[in-house]
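Labels run A, B, C, D and E following the written order; every chain starts at residue 1.
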Amino acid sequence: MELFLFVVFSLITLVSAGAVVWHPHPVKSALFLIVSFFAMGGLYLLMQAEFIALMQVLVYAGAVMVLFLFVIMLLNLKPRGEDRSAFRKRLRWAVPLILVFVGAALTAVTSPLARLGPAAGQGAAWVESQGGNVRAVGRALFTRAFLPFEVTSIVLLVAVVGVIVLAKKERR
Amino acid sequence: MEPLSFPLLSTLVFLPLVGVLVLLFVDRENHAVQRWTALTVMSGGFVLALFVYAGFDPGTVAFQFEEKHTWIPGLGISYHVGIDGISLLLVMLTAFLGPICVLACWTDIRVRLKEFLVCLLFLQTGMLGVFVSLDLILFYIFWEVMLIPMALLILMWGHPARRIYAAVKFFLYTMAGSVLMLVGILVLYFYQARTTGTASFDWTTMAGLSLPFSLQLWLFLAFGLAFAIKVPMFPFHTWLPDAHTEAPTVGSVVLAAVLLKMGTYGFLRFNLPLFPDASVFFMPLMVALALVGIIYGAFMCLVQKDLKRLIAFSSVSHLGFVILGIFSFTVQGVQGGVLQMINHGLSTGALFLLVGMLYERRHTRMIADFGGLSTPVPTFTTFFMIATLASIGLPGLNGFVGEFLILLGTFHVKPVWAVLGATGVILAAWYMLWMVQRVFYGTVTHAENATLRDLVPREIGLLVPVVAMMVWIGVAPTSFLQKSEPAVQHVLKNVQESVRTAQGRSTPWMMACAAWEHLKGK
Amino acid sequence: MSALTVLYECQGIVPALILSATGVVILLLDAFSPLGRKGRLGAVAVTGTVFALGSLAVAPSGAEFFHGMVVWDRFSVFLSAVLMVGALLVFFLSFDPLRRSGLECGEYYALVLFATTGMILMVQAAHFIMLFLGLEIFSIAIYILVGMPRHEKRANEAALKYVLLGGFASGFLLYGLTFIYGATGSLSMSVMAAQLGKADAVFNSYLLFGSALVLAGFAFKLALVPFHLWTPDVYEGAPTPITAYMAVGVKAAVFGALVRTFWVALPTVHPHWAVFFWALAAVTMTVGNLMALAQESVKRMLAFSSIAHAGYLFVAVVADSKEGLTALLVYLLAYTVMNVGAFGVMVAVQNRQESGERLEDFRGLSSRSPFLAAFMALFLFSLAGIPPTAGFVGKFMVFSAAVQSGYTWLVIIAVINSVIAAYYYLRVVIMVYRPGEEAAAEDPASEAARLSAGERGALFGAGALTAVVGLWPNAFWDLARQAVHVLF
Amino acid sequence: MAVPVHYYIIVSALLFAVGVLGVLTRRNAIVIFMSIELMLNAGNLSFVAFSKALEGLDGQLFVFFVMVVAAAEVTVGLAIIVTLYRNWKTIFVDEVRLLKG
Amino acid sequence: METAWVIPALPFAGFLINGLWGRRLAKKFVGWIACGAMGLAFLSALRLFWILLQEAPSLRFWEPVYYTWIRVGDFHADVSFLIDPLSMVMILVVTGVGFLIHVYSVGYMHEDPGYARYFAYLNLFASAMLVLVMANNLLLMFVGWEGVGLCSYLLIGFWYEKRSASDAGKKAFIVNRIGDFGFLLGIFLTFWTFGSLNFREIFQAAVAGFSAGDAVLAGITLLLFVGAMGKSAQIPLYVWLPDAMEGPTPVSALIHAATMVTAGVYMVARCSVLYALAPFSMGFVAMIGCTTAVFAASIGLVQNDIKRVLAYSTVSQLGYMFLGCGVGAFVAGIFHLMTHAFFKALLFLGAGSVIHALSGEQDIQRMGGLRAKLPVTFATFLMGSLAIAGIFPFAGFFSKDEILFETLMSGHGVLYALALGGAALTAFYMFRLVFLTFFGESRLDPHAAHHVHEAPKTMAVPLMILAALSLTGGWIQLPGIEGGRVFGRFLEPVFHEATAILGHHGAAHPPLWLEGALMGVSVAVALAGIFAAYRWYIKDPQRPVRMAQRFSRAYRWLFHKYYVDELYQAAIVDPLKQAAETTHQWVDRRLIDGAVDGTGSVFRSLSGAVRRIQTGLVHHYALSVLAGACLLVLFVMAL
């Protein structure tokens, strides 16, 4: 069952990701991206990472994608389609390299030398004892990861300031 | 060696920088004050140098007037200066030419005089520093520092046509050579650190090392390339004619008189004492290059149309003699080489001064633009003649003593080298006298030349000391030779030792093998 | 975490706190200051940075804070100091151009402060989460700063290229981190190191694959060849002070992180890479120098030269020794001051005439402003590594360390490269000192008096440091040596 | 039966590759951005997978921060694209070529 | 004896005074200073001579040492003189004849604007020559050796505005340099062989350590002789001397007679011990000398320039001197040197007088019939010609005859015959000169003719004195008087070592009748030469023209001096210049400098190539990042 779900979610993820890359129209790419993100959320759920799955849907499929669509609409791009021959020309160089890269990655993953690090002892049982994944992660965010959590405020502040600076009206 | 209470050498080296500081506060337009400041500083330097000369004890091979302060202790770099007989003479030469250079540019430089003098003073510090440094890094720093003012002199006050090309060529070519020396210094340093456990860039500790032959070969090449370019030895000489031609008068004088000596000095100070076996090994090559340089330089002189270019090529030839002498590994040869450094500084310096004076009057240096100058400018002609004669080695003037000793020493090693070297003397007479003939003899062919002004008292005043020195060295060279003799003997000690032990090692095959061994050893 | 604990732990991030707080203060002040009076915001930024710099005087404990997220040791102190010196000089540089272009706003200073905060956090990071966050903070801030002149097409282009490629490279970095995480079971550097201490742990394909991608991510930020192609375009399009900031700040921070990653977290991995590092260093400096050779834009030339300098810096990494890392730190300091100095002169030239980027704009600078010309010569000669300047000291130490580790041939390549480099620096010097229009010659002293406060601060500051590091490097060497000590 | 960890990793590698492919081939800056998001997500996926396999939460924590950062980056990136569009009237990266050489 | 230094110092002081301030001094003072310096030097030399004579013959040498000139390692050379009979003879000749030439110059150069310069050079010349002859070591000798070379350069090119003059000066210096090159090498070899350059030490060491025929000694002597060939104008380095007449005529007199050219002969005589130990070199010297004597004489036959004829005669006479030295008759060589100094000075000064009278005309084809107009000149010139032709009892007869005699006695029959033939030629060309100049119809330019005037007293008096010396100079070697051969006995202490080594037959004098008979032969040959000249140039003036036409090829060869100058020009000078030009263009500019600049352009073009990867396209940049990552990953995977 789990494997089945894994295959389904994975296929949806990868196929719609491929569609994002392949589809000439940006709006449709964006829509495919949403599909891909949702499917990925499913994969997260499969791995009992509920918190991340939630965030995935909220942040990515929600906020980020709205932003994408918003900008696409804002710019109101004329339907100048992609020049497919140029696209194919770029493929000529990109594909072999990517294949090399994927090959290397697959080798790394399947290699007998691939060994996982030691378990941290925070398995399902432990998570359960903490009151579930969401609670466990939340607790960690306010203890161990307190500093990065606070630092994200700077990240967001920078982003906010940046958008204001870049997009605000002319003074003159 | 008891430490001297007064840091005479440091004062001597950095006095020009004090002059630079003073100059910074002088009004831009106030040329007179600028000139006098520079002259005072340079003369002060010469006076200090005289004190050094007077206090120098020729009876010892140890370095004198030593000063040593830690500078970058973490890296084993110290501020260590001191002189022996060889550097004494070169320091004297440099200090002696300082005031003369200032006098020489008295009226020549009209634009940006202040900057010019600043460059000149910087240059003086750099050159003196090179000759007194006993720390390899200190030496390297002075060596490189000097490039900048010299390049600026060529660039800003040179002759418009090709000065940029010449300045860049000078700068890059010399730098290309010296960076490899830096690598060599580092390798030497770490070899020392590995083998002795203590590490320092101090010359005196380096000199105590006995390096493996293969390492010596590489280091000799690394140091030697830097020096060979500076000298310049054939075939690394092509920057010299360009630099000389484009440089302002004083630039040429300093370049010829002192800068080139840094190369030959380097061979004496570093290559021979530190890499004696490699020196012996490379001796045939060096001698061959020196001989080619002597003859080739002379040949090139025959076809030059520009006075400065001609004198520049004659420098190639003359410095070939110096190298020949140094690599004869005989006392006579090396002493001759040392003396010839001074001689070349005086005679070629004087020639450049004179050509500069001519240029100031006529704004051309082409031989074809002159002819018959003897009539309008007899005093000038006389001085030029004396400098020419000194340059071609007339007995009684300085050049002869140097060349004679060099050839004498060389003859001992291999007569045929001396024979080839001596042909340079014949050729020198040919090209120099031919040049003199074309410039000074015959009838005045260009109307502008007929009304040329003869030398003014200032010019005579600056030439007379130079001529006096030429005569002094020509007539009584012993007073100078005896200062450097102990140092030269000391330098030769190691080399002569390896000459004795290195019989039959000098084949290209051996060289390749040794070099390969070294690479494999890494 | 209780408030007291948090306060206690905050002693580990004092400079970052001061800097970010200053940034926030500036944003607030900006909102309340009238249009014409934005100039004082710069003063606030400078003050804050000076305070942060002053806070470094407190001896670092070497302890980890916030559950091993950051570490406050001499290494962080040294690099933080370098970063803040760079930021300070950039502030000075920015006053005039901002006023001129009407970009004057609090956000600019705040973003630089935030970026510096990010950099400092990155070099302090003892945990990859912090490292990643620091990296992203300054990256995002710089994306914005690059694009700030919104009406300039070139700035738009630069920002776009930077943000796209930066994201792309972040992807690689992140992806690499996941594998390292998989192989070691932790993202904390000390835990990783302990885990990798076990025999043979290094031959783990996850680990190797991951570390390769992490290195690629760093290499992108450091502009090592072949990850460097964005650099010249972005540097050229960005406002000049930001270019200076990017060139020096990012390098210092990323080198710091790189050193922490490979010496603290993965100490057993990088020795296997010696050959690759070697090649990377050699190719980087050679390509950088070759590309710089034929540039007609000084700004672009300096961009390529920064690639070459990354190569020289990487030689220190190749050396893989205490001496090498010491040299790396000293070189970073030297590079920061001299490079900001060179850009500073360019800014000053831009302040005086329409453009100051092309080689042609520097023609005869020595007669127009001998003072600027002298500074330009100083910085360029320093970049070229001519003694007795900071650049020479840095190069010397780096080469020395490499020779000590037996990389003599690499050093030979490096010195040959520095000759090539000397050529293009010299081209600028020649342009500057080229005699030409003598008419407007003026006295350096009076010219110096007419420099604006910002120019004076930046040029004198950078010039003095260039000279001081060049002439008395020992103190800096000692500090760097102690800083590196904590890594071994 | 539980799905082995490296299945997830393989999926993430493929996803990463698809993202890379997008960056390398598309000329629309926004789509390139989307592809970058795919790459980041691939990283997230493998983080979570490792996190599960290692029975630790560090990976998930990291993913959280990546999401924040990604969101911030997207925001800024899109702002940059908007300003670019104002001046250039295009968001096709191969038409934005003032700087080169 | 310590005061011997004043002899060279006096003219040197004169040089300094006239050289530094001469232009501002009155001409009268200049002349006085120069002549005074030389006169005082001559007086000092006489005094020295007198003191020398007081010593016993075997003790007649002094070596005053003044200071160490050069000292390096085990090498040292002193400034120190060697006063012995040989150098004494030379000192007297140099100062005496030199003084006369100075006096003569006062008149001759009176109109010249470079008057002071001229006298300065002249004094310097004398000074250098004195250093040369007085030196007690080879190196100091070399100083004088080069010094006279320099002065000849300055004086020959004195009229520097004339192209030919400056050319000749340069040629003199350079050809001399070639000789000096050999001399210098000889010095080196000497030092490394004997460890010293001091004459007496060398000779002692040579006698003690080497047997006759040693190759090293042959090397030394041959190298030194190369120097002599240059200085004393022997084949193949004689070419400068005929051109040397471009200088003012008194200068020619000085160069050709008293100084400079005799240096080589003096040097060979000075090193007689070494030469005696090197038979091969001796033979070489004799052969070169003899060949030169005949060769130069043959050229002299057809030259039309009065000074040029004299110049070739000098070359020829120097050949005789070397012949003498080469056969071991050093005394004869020196003796001929001395008498030659008298009559050649006389001849040149006489020629100068003629030229002076004719306002610069030098072509004897355009002279003639001057006997009446220039009686003093004619008389003295004739005496000089008789002397050089070797007519009894003129000085030349004794010296030349002694050389011929010794040549035959030492068994060199062929050389004797050649030398005898040379003597005939000498008589012929000298009297050709006399006849064409002073006899026959005047072929002068009409308007030059009435300017002709006899020389002033300053010129005439030296001529007369020299004429007297040319007559009497040979008598001091007369066998009969005062125990006979005074000159030879005076020099004996110098040469006795060499003589001893050679085992010379001179010890046993040949029968007087043989000597007498040979004398007769010589005189007869000379008279035959004179008679032939008479027949050709007085009796039948058209004959030379006919002969020239009949043997036109031979005539042309002779007239063009065997084309030696042209040969040197075409075989050495031009190829060298051409080679230099080619090397400069191709090797220096294109190859070496091309390599330097080429390095630069290689980097620049590389730069251009590398720049092309900077396309400005995000795709390419990203691709490159990916490629880099792939490389990294592959590298890692390969681990």
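In this section, a contact is a pair of C-beta atoms (placed from the backbone, for glycine too) under 8 Å apart; a residue touches a chain by one contact, two chains touch by 3 or more.
Nothing here was measured: the structure is a model prediction, and the numbers come from that model.
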item	value
Intersection of contact partners for chain D and chain E	A, C
Chains in simultaneous contact with chain C and chain E	A, B, D
Closest chain to global C-alpha mean, per-chain Cα centroids	B
Reference chain B; chain at largest CA-centroid distance	A
Farthest-lying chain, centroid of Cα atoms versus that of chain E	A
Leading chain pair when contacts are tallied as C-beta pairs	A-D
Whole-Å separation of chain centres (CA-atom averages), chain A against chain B	70
Where chain B and chain C are represented by their mean Cα positions, the distance between them in whole Å	42
Centre-to-centre distance between chain E and chain B (centres being mean Cα positions), rounded to whole Å	38
Separation of mean Cα positions, chain D and chain A [Å, integer]	6
Multi-partner residues of chain B (each touching 2 or more other chains)	172
For chain D, residues that touch 2 or more chains besides their own	5, 9, 16, 19-20, 23-25, 27, 32-33, 50-51, 53-54, 56, 58, 61, 65, 69, 72-73, 76, 79-81, 83, 93-94, 96-101
For chain E, residues contacting two or more additional chains	600, 611, 614, 616, 618-619, 622-623, 626-627, 629, 633, 637
Which pairs of chains touch, using the document's own definition	A-C, A-D, A-E, B-C, B-E, C-D, C-E, D-E
In the complex, chain D residues that touch chain E	20, 23-25, 27, 32, 93-94, 96-101
Sites on chain C touched by chain D in the complex	128-129, 132-133, 136, 139-140, 143-144, 147, 150-154, 156-161, 163-164, 167-168, 170-172, 174-175, 177-179, 181-182, 185-188, 232-234, 236-237, 300
Residues of chain B defined as touching chain E within the complex	169, 172-173, 235, 237-239, 296, 299-300, 302-303, 330-332, 335-336, 372, 374-375, 378, 389, 394-396, 400-401, 404-405, 407-408, 411-412, 415, 418-419, 422-423, 425-426, 429-430, 433-434, 437, 440-443, 475-478, 481-482, 485, 489
Touching residues (chain side chain E, partner chain D) in the complex	611, 614-619, 622-623, 626
Contact footprint of chain B on chain C as seen in their complex	366, 370, 377, 381, 386-388, 392, 396-397, 399-400, 403-404, 406, 408, 411-412, 415-416, 418-419, 422-423, 426-427, 430, 433-435, 438, 441, 443-445, 473-474, 477-478, 481
